[in-house]
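Both of the next two complexes hold chain A, though its partner changes from chain B to chain C.
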Partner chain A sequence: MSNSNFTRRGLLKTSAMAGGALAAPTLFDGSVWADGHSGYLNAPTGSTVTLGFNVPQSGPYADEGADELRAYELAVEHLNGGGDGGMMNTFSSKALQGNGILGKKVEFVTGDTQTKSDAARASAKSMIEKDGAIMITGGSSSGVAVAVQGLCQEAGVIFMAGLTHSNDTTGKDKKANGFRHFFNGYMSAAALAPVLEARYGSDRTAYHLTADYTWGWTQQESIQAATEAMGWKTANNVLTPLATTDFSSYVAPVLNSGADVLVLNHYGGNMVNSLTSAVQFGLREKQVNGKDFEIVVPLYSRLMAKGAGENVKGIFGSTNWHWSLTDEGSKAFVKSFGEKYGFPPSQAAHTCYVQTMLYADAAERAGTFNPCGIVEALEGFKFDGLGNGETEYRAEDHQCFKDVLVVKGKDNPTSEFDLLEIVEITPRAQVEYAVDHAMFAGGELGKCNPGA
Partner chain B sequence: MDVIILQLLNGLDKGSAYALIALGLTLIFGTLGVVNFAHGALFMLGAFCAVTLQRILSLSFETIDPTKTDFLGNPAKVKTPYLESWFGPEMGSSIIDWSVPLAILFAIPIMIGVGYIMERGLIKHFYKRPHADQILVTFGLAIVIQEVIKQFYGANPIPTPAPDMFKGSFDFGVLLGFDPNAVIYPYWRLVYFSFAAVIIAAVFAFLQFTTFGMVVRAGMADRETVGLLGINIDKRFTIMFGIAAAVAGIAGVMYAPINSPNYHMGMDFLVLSFVVVVVGGMGSLPGAVLAGFLLGILESFSSMNQIKQILPGIDQIIIYLVAIIILLVRPRGLMGRKGVMED
Partner chain C sequence: MLGLEKKDTSLLIIVAILTMCAPFILNPFPTGSAMAQFNAGYPDLMQRFVIFGIFAIGFNILFGLTGYLSFGHAAFLGVGSYSAVWMFKLLGYNILPGIVLSVITSGVFALLIGYISLRRSGIYFSILTLAFAQMSFALAYSVLTPLTNGETGLQVYNSDPQYFHSDALPNIPHLFGQEMQSTFKLELGAWSFDFNTGYYICALIMLVMFYLAIRIFRSPFGLMLKAIKTNQTRLNYTGLNPRPYTLAAFVISGMYAGLAGGLMASMDPLAGAERMQWTASGEVVLMTILGGAGTLIGPVLGAGFIKYFENIFSKINDTVLHQWFAFLPDGMEDFLIVIIHPFVGKGWHLTLGLLFMAIVIFLPGGLVEGGQKIAQKFRGSKAKDDTTATDSTPAE
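Take a look at the complex of A and B:
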């Protein structure tokens, strides 16, 4: 472990704890966490425990970050026994009692990732060192998630990822201290491809526009492989700079390429702008190769769909969760969130709430906040009642495996939130992959780091 | 060939946005000698004038519809715009549909007012300060404006569609003898290009053929002499600041349907527009327009797959590359005058 870029105070604290750990060599041996509150970084000593919520509070994803923060605040309220308890009531694990975590009242600090890797690392570092955060969670970008996950591994705290969809987060960049509940590019592609084949046939040619960074690359690779496996051809894949705002130059050549499907591997503002350009160019009214031209957006978000307005109507994509789900967990969460804030939660809010609950539950079951205890409790953990049906945190890569939603832009929305309709709930078995799958190869999970 | 025509159209379209912003920047620099880094924020404010008018026209009253439920299972509230209630559903929705063109009328007085307040309230205090100070204060102002907008409108893009009659695209290919769909271009982007051409022509005509414009041009050439003739040139320059703000604002209004407005859109254009001004020649209005279109076209061509296959990543650096070459060959820019920023 390297703490070279941490402050002197942090280093001293860590060294003292390392000494403590050496004096008690049996502490990390086995699954019994006899002394739950020492021997690891930021071990809570008083009656409270501090969680660090690292979300975009400024920058282009600030609205998504605000929704994440709302969910975290709701989770903290429920953990401390406030409100109606939300999904704690439907969670299959009954370890949480509404009295905080391990009897300690939950407090939180927040950081602003700005959706920039360096800013996100700086805010996470500050929360760990200055505020004593025992766990870091949040974020709306894979670049940020990979960066903060690496920092948490070095520092010795748990990272519960927020919205991150790149295969790399639990692929080549996976870390023992990091856990992702959100789905990934491979899962989106595996869920979408059969639906696309059923609707548009197997004789199609796709043209990809892809955001030029880790998420875009892995999303494109995944959807290309999945669609080619069912017979589609790929006309081209054009990488677009992340800072692009006007996509007309990239959209204009699509119709002459021989492609009859445009796949927009874009998220956030990129997705809003590229989709708007594609619709402006009238692609959806055109016929190519004797077929109606179609557009696909592999990763949807309700907040982004709102930005694109009526351009999303009829366009297929995938999502991790949607407020219109009718399982008991989703209904409980929508009710808690909706009554507190006046509108339904986004998928980002859902995954952040769930991650907080999963962390708290793991600590309760392990009987410690020690990151290695948390890791042991979460690895292979099977649960239900949190909105996605039966789910498992796979031990080998710390990726959650669960059903995936295929959605479509709604033709006749009844409210400003009613933008997506669920077309299919793809079962987990269809989106599962081997740990050593080529798209996730490289990198080692390594060993948990308790920071001491 | 069809691909080249398509990218040429794209370039003209991008270029018209660059030219409009650069024109306003040059007007301000040429008259007041101020390097205005808040000009992109004025463009963004214009786009938000369109958003605001759309919201005003869509103001609604709520009624309970017992047959429907909201996301919490309570009886749903149905919103009906006042305009539809007053003028009937068809007329009311038509007025809302035309909110972007109507926003031009809404934006002009607002933007002139914003420009006037900016100049009198802040920028005039920096006339005699170094350009670096002017850049810092106007850049700070731009950040303040964008944060205020984010506070009120959020960070997400807000869809602001063009009127229904301008949806879809025009098939140039058929006109030029190509296959159908070979060269198609969205109607609204054609409207934007034509609109930009009219605004640019109007600004030039105003400066060229009116007494006010003549005095302003004289003031740009020799401020002191014009002042000695008893003309209050400062007042005219303040008005020019307001006009420049209005040009940026209505450029933003018309741009709103092309890309959904967000609080950051001004910054996206600002740096590029400064490059346009420098390439065109500091203080040269025709230079700003020429460079705007030139760089817009070059940027479009560099995005072509055929070019990117030979020079990967060229689309990200082309503008700066061309700027370096032009400034090496013509240090004053394409149409720069001797003596501007050279003292």
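Take a look at the complex of A and C:
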């Protein structure tokens, strides 16, 4: 702690006295200092600023959560000038100096979302109310992201979504204080459909197993729409509870359904279990309608591929980012993450690191931590050098638009991390959609809320 | 006073003082000091203390008095929350209609479940209530998605009707314009205390509910419930039918749970299905036993104890531990952290489990018994026969 007696009360007193003495509002108006560090919730008064990292440390997405936390710690180290700076060196915006954010040292608090909306909100609330967090980030479930985003909007802090892939996060549940760097179900479908058509033809029947919550629903809807547009039929869509661990009763009926493609709208531990089940039932050796039976996992991650082991070979999916990318940003990030932890980062880690950097950069450019200033700085912000090529934060829905990777489980992995190979990098133009697209309609951003 | 005996009046006054001064009591450490980690006086947690206090008081009316162990009380909590959020969606953000409806729906729900479950007693009753609660959870989680929004949780959207909402009213839960989340911060030197509107509303409601519980405990009706717990067969032989009494107790405690659920939604307008899960039902059982089943103040203490662990211990991570032990030599520091690590952060369940075991083994009467023992120690031998001076007496 610093030695200065810089309390909020003292600050209020001083500013009141100063205001009274000067009595000339023009002198005080627009003062960078007054704008920068007062007039909004949890304005940092000391020499530090606190960020809240709210990640799943237990439950089906605990692996992702652990990796997210590693990325956050790395980001904080880089922001405070430690380590090799990682993607700060390749980032197209050069506002960050490595001296914290706006000269304040970055500190953080952590919490466990348990992948439950209630627990995640309680954890985020305690970060905001008790620890004075000025920004909340993280999460590996869209249900949680939507819940926490709503909370941050009400409370008046910025929410930088972690791994959330539901269309709703920046669709019907979008909020002015919330931002998502990760891609979404619609983009996955738009990127994946042409690849699937090229490999499996346009005369296929798909059977969907779908995680029963906002992410599963919207991803399934997106995939069904995209595949049906190229001529596929949909045999059935079965919803599975998020807490399911044994999928055999869901996989068994697939065999007799007449479908020849199984789409697993599952993530994390769910996907590992359902895919293993499907492979054990011998689906991949089956021939249906004279065609090889195929399995598709629309949202892929290295951690899941690792969990599912041999079973992922040759299975197609999409991903936000992969460590084998060779652009400068990705290389710098993989290097500093690898040096600190001894293995390459996952896509969850990547998006969380990038979100922290983007927040810090926005605060630096806006000259304030005021959520409304941050929103202004991030809306329509175009950047490069953070691993996904040229990217834009669309102002209308706070969704990042960038290229999407279509990947395949590698047939001959060379190491335990080398499990996915990039089949195609789908350009941004192909996955872009209108703000009022039917799958995203219904919500409105509202106004930014500074909380005070 | 208020139709209470002197002893109960003083208990009520003590509880009133404790809840009203909670912002001071729960924040004993200066902000910014290393011990601030253990401060619990922030609005969200204080609200949880009293809301779960209400939940546990209600549960104790059933379990503490009649001895019927319900393993499905979380269902009423969930039903209450959903009712309240629906009122926000339809009528507007004033919390009053939501709370009223949550008590009514959970009462009706409890009547339905109680009528069927109370045909059996003992373990069969527990299993029946558990089955009903899990059924409600499954319904809320997937089947009734249009009504409950499934896993995402029911929340209020700008596009909702909200007939009585106007632009002059705040866009968050409020009571006639008083925002639930508005907090007045009092800075006294290095200390900082939060006075939150929502907390005080919950605390006042809890005091009323606590008073009601005392009245029920001391009433002829309460005596009848205790008789059911002591020996139901004997009661049957005297020609009394216990079922109307148990059903009434079940409905009352269900309404308490519904009220707690409604308040939870009023403090944070989102209702998730998880709050109906069996773990949530088990939690209130733990709270009651930990604090002291059958005592008046016990369940409230138990609720506070568990919520404190859940929210404070779960947030101690390795970085915090390193700060604490930074003064030690490196080897010692790492060693201590390795030892403590499994018990804090996500391992808070482990610490709580150990404490729970210790309390059940050494203090079967819960925290209240612990308090009584300490009080006895202080008074020395003189107090041995003076049992009336203690906080409250167990029902059995």
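In this text, the second predicted complex is superposed on the first by the 418 of 452 C-alpha atoms of A that agree within 3 Å, B and C clash if a C-alpha of one lies under 4 Å from a C-alpha of the other, contacts with A are read in each partner's own complex, and residues count from 1 in each chain.
Note that in this section contacts are C-beta pairs under 8 Å (C-beta built on N, C-alpha and C of every residue); 3 or more make two chains touch, one makes a residue touch a chain.
If you're wondering where the values come from, they're calculated on a predicted model, not measured in any experiment.
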Superposed partners chain B and chain C on chain A - clash or fit: fit
First (chain B), second (chain C), both or neither touched by A:393: neither
Contacts of A:446 with chain B and chain C, given as first, second, both or neither: second
Which superposed partner A:143 touches (first chain B, second chain C, both, neither): second
Which of chain B and chain C A:110 touches, first, second, both or neither: second
First (chain B), second (chain C), both or neither touched by A:369: neither
Which superposed partner A:63 touches (first chain B, second chain C, both, neither): first
Which of chain B and chain C A:151 touches, first, second, both or neither: second
Touched partner set for A:323, first chain B, second chain C, both or neither: first
First, second, both or neither for A:241, with chain B first and chain C second: both
Overlay on shared chain A, then closest C-alpha pair between chain B and chain C (Å): 5
Doubly contacted residues of chain A, that is, touched by chain B and again by chain C: 58, 241
Residue ranges of chain C touching chain A (in the complex, touch as defined): 32, 39, 42-45, 48, 138, 141-142, 150-153, 155, 157-159, 172, 181, 183, 185, 187, 192, 194, 268-270, 272, 274-275, 311, 314-315, 317, 319, 345-346
In the complex, chain B residues that touch chain A: 2-3, 6-7, 9-10, 13-14, 68, 70-72, 76, 150, 154-159, 161, 167-169, 181-182, 184-186, 188-189, 258-260, 262, 264-265, 268, 299-300, 303-305, 308, 315-316
Chain B-touching residues of chain A, taken from the complex the two chains share: 58-63, 236, 238, 241, 243, 245-246, 248-250, 252-253, 255-256, 269, 272-273, 276-277, 280-282, 285-286, 288, 303-304, 306-311, 323-324, 334-335, 338-339, 343-344, 414-415, 417-418
Contact footprint of chain C on chain A as seen in their complex: 1, 7-9, 57-58, 108-112, 116-119, 121-123, 125-126, 129-130, 142-143, 146-147, 150-151, 154-155, 168, 172, 212-214, 239, 241-242, 442-444, 446
